[in-house]
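Chain IDs A, B and C follow the sequence of writing; residue 1 opens each chain.
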Amino acid sequence: MSALLELGSVSRHFGGYQALRDVSFVVTEAHIHALIGPNGAGKTTLFNIISGALRPSSGRLQFLGRDYGGRRPHAILAMGIARNFQQVRLFPGLSVIENVMVGCHARMPDHSWRDLFSFQLFSAPAERQARDRAQEMLRFVGLEGHGNDGPGELTLVDQRRLEIARALASQPRLLLLDEPAAGMNPAEVAQISQLIRLIQRNGITILLVEHHMRLVMDVASRITVLSAGSVLAEGTADEIQRNADVVSAYLGTDHDAAVGPLA
Amino acid sequence: MLGGYWESVAIFLGIDILLALSLYVPLSAGLISLGQGGFMAIGAYLSAVLTKAGIAFFFAILAGGFLAALVGLLVGIPALRIRGIYLMILTLGFGEIVKVFFLNFDPTGAASGLGGIAPLTDWRWVAGACVLAFGVVWRLRSSRLGRAMIAVHQDDTAAEAMGINLTQVKLAAFCIGAFLAGIAGALYAHEALFIDPNQFAFARSAIIFLYVVLGGPANPLGPLVGTAVVDLLPEFLRGLQDWRMTVFGSLLVIVAIWRPDGLIGAPRGRRR
Amino acid sequence: MLSQQLINGLMLGSTYALVAIGYSLIFGVLRLLHFAHGEVFMVGAFVGVELVLWMHVGPFIALIGGLVGAAALGMLLELVAFRPIRKRRGSFLAPIVSSIGAGLVLQELMTKLFGAEQIGFPAQFAATAYHFGIVTVSGAQIFIMSIAFVTMAALHLFITYTRYGMAMRATSESLEVASILGIDVDKVILLTFGIASALAGIAGVLVGINFNAISPFMGIDMTTKGLAVMLIGGLGSIYGAMAGGLLLGLAEVLSVAYLASSYRDAFAFGLMILILLWRPRGLFSAGVAFES
């Protein structure tokens, strides 16, 4: 299996505050890789650097063997990395299916100028295709039938699914998930877990930041633990659970899902 | 067709609808321009100069639109870095600069204005332009670019993360708006037959702003309704003589309080 | 001659500063572009001049009249044209429509009451000239500059050291947090309008004395330039408005003296655009959140 995403000594500081220090790891294709760590470890910062929302202060970011540090988020999406947002960011003025169609934007041909002068005769087939694909994505995440609803009418779980559907519509090779199970009860967490595994079975690699340990242990084939801005440990779910350093890094934080030795 | 006076009213109404749509497009991408008067001026002056030089009306109109769009590109670039209120004031400044430019530009008459423009505009030109413009705006809504504009407006961070090139979309919205305003200016010049820089000052841009915001900026019908109300209401208030504008101003305040989202409210999550 | 121009520029600039400070105060607290502020300025000028014409008062009384009249008008506008919208949680564009309407009404009413012609203060009003070496200033100009600077100093002290001033600053940081902390937000907003409008009223009387061209339409220019100055200084920044106003005044006067005078009005906006390109937040951004 090849390395899809590779981070080499990525560091980031904000003024005098060192948020990340020499973080390196590899995300292998077709795996589900989880990034965990106590609050303040720098997971969000790292996530934002990988997705292009932030620039690294130093270090190397490579996707499919090519450096991409410093690129704008839309160029990163075009490369094949899509993400969701921890605080769901949907477009309230667009319907559910239109939200997903925005995900198709980068994969649709750009006929803007021809559209304007021809009333979209040129792009009607592409538009139909995009709509079909969006419908397919809604079906995939279990939101079939909600196409014409307003996104505000959906439950939190469904809004998360919608965001994932939107990201999937862009045909990514790597899907970045930022706490997809935040704020959910155990039943809902199980649903998200199932969806994540389904996505992976369809050939998409996933990098997951999560606090729900059960979810992480369920789905992740590889886990990187971040603490105080550095990589503390890396390994399989079993290895991480038995790692004494990881356990002590978590003790003393009021974690809803961290139970004893992360059982 | 209609009696002379009402035909004139209809023509100016059509031109104003074009102006309203010219603000509606950038507004739906989240770009608030208080400088559409400046683009209108560019279209008016260029087209007048061209028809005086013998160029056909159709090409003069297009030229006015394209020059306005080109200037829109220049104005749009700094607009990429600034938001909301800042952009309003920046575009307001742009409109004033255009006015001062034409006040000093002797080849087009400077402060004395430009007269003797051929009366080439008639209801067919205006109606045609309106139908086309409205058609474009309506269809834009269900197109890739139109969705991208709404996405950029509502959450540009999420839009960019989904692959939308913010620069491209914002500039496109801004230039389309400038183009429409330029076209409207060209039609206006050949109906008013005399233009001077003060016709395109802040008051003009403010009224265009009213057309869209009063009607409701979330829906293509909004600008239509807003323009009709703002333009036609004073006609119906004629009986009030000198108190027309006072009543009109008061009505603006009342409508702003009564319908803060515009006369045609904002649809949240479209239904089809 | 240069020093003469500098004095003129500072004088003009300080009137711009007073109006722009008002815009900044209101924007800082309400995120509102108050398009009728220029008309409040105009009404202040009218109150001042009418007091002088009818009751033959001196400059200080005229000033106080203008100040009080404008402040009262400003607070009335807040109660009638803006508060109801706030209570209904409308979009941020609605208050702008309301302010445009209010400005229009004020212009029309003043035209009805006083006609559209320009009027001025009586000729001998503060006209004595004082000579300081190569520089000549009239009594009027001394009056204007001292009032302007005293006002700005007083405002600075007020915002920094009084309870109400601090309440205003808190409210401009965040309306919600201020009200949670027990600040009566409505009262603070009303006070802000009062102060901002008083400043505009003072500026109106000063400009009236300086240029002797008071008409119902004198506010329009102030509206657009005041906004430009506010942007130059940084939205919501009081000190930025002061600096920006002085800068603009100097730029305009110097441009008329040394460049083509007809481009004077473009200066405000050209300057604004240049500064925006260099520092998109304005010269002194107050760190005000301005996401629309």
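Convention: a residue touches a chain if its C-beta (ideal position, glycine included) is under 8 Å from a C-beta of that chain, and two chains touch if they have at least 3 such contacts.
Everything quoted here is computed from the prediction, not taken from an experiment.
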Chain closest to the middle, measuring from C-alpha centroids that were averaged per chain: B
Furthest chain, CA centroid comparison against subunit C: A
Where subunit A and subunit B are represented by their mean Cα positions, the distance between them in whole Å: 41
Separation of subunit A from subunit C, taking each centre as the mean of its C-alpha atoms, in whole Å: 50
Approximate Å spacing (C-alpha centroids) for the pair subunit B, subunit C: 29
Numbers and ranges of subunit B residues touching at least 2 other chains: 266
Footprint of subunit B on subunit C - complex, ascending: 27, 31, 33, 35, 80-81, 84-85, 88-91, 93-98, 100-105, 107-109, 112, 220, 223-224, 227-228, 230-231, 235, 260, 262-263, 265-266, 268-270, 272-273, 276-277, 280, 290-292
Residue ranges of subunit B touching subunit C (in the complex, touch as defined): 30, 32, 78, 81-86, 88-90, 92-94, 96-97, 100-101, 103-104, 202-203, 206, 209-210, 213-214, 217, 242-243, 245-246, 248-253, 255-257, 260-261, 266
Contacting residues of subunit A [partner subunit B, same complex]: 51-53, 72-74, 77-78, 82-83, 85, 89-96, 98, 101-103, 105-108, 110-112, 115-116, 119-120, 123, 126-127, 130, 148-153, 166-167, 170
Subunit A-facing residues of subunit B, complex: 135-136, 139-140, 142-145, 147-148, 150-151, 153-155, 157-166, 172, 176, 218, 266-272
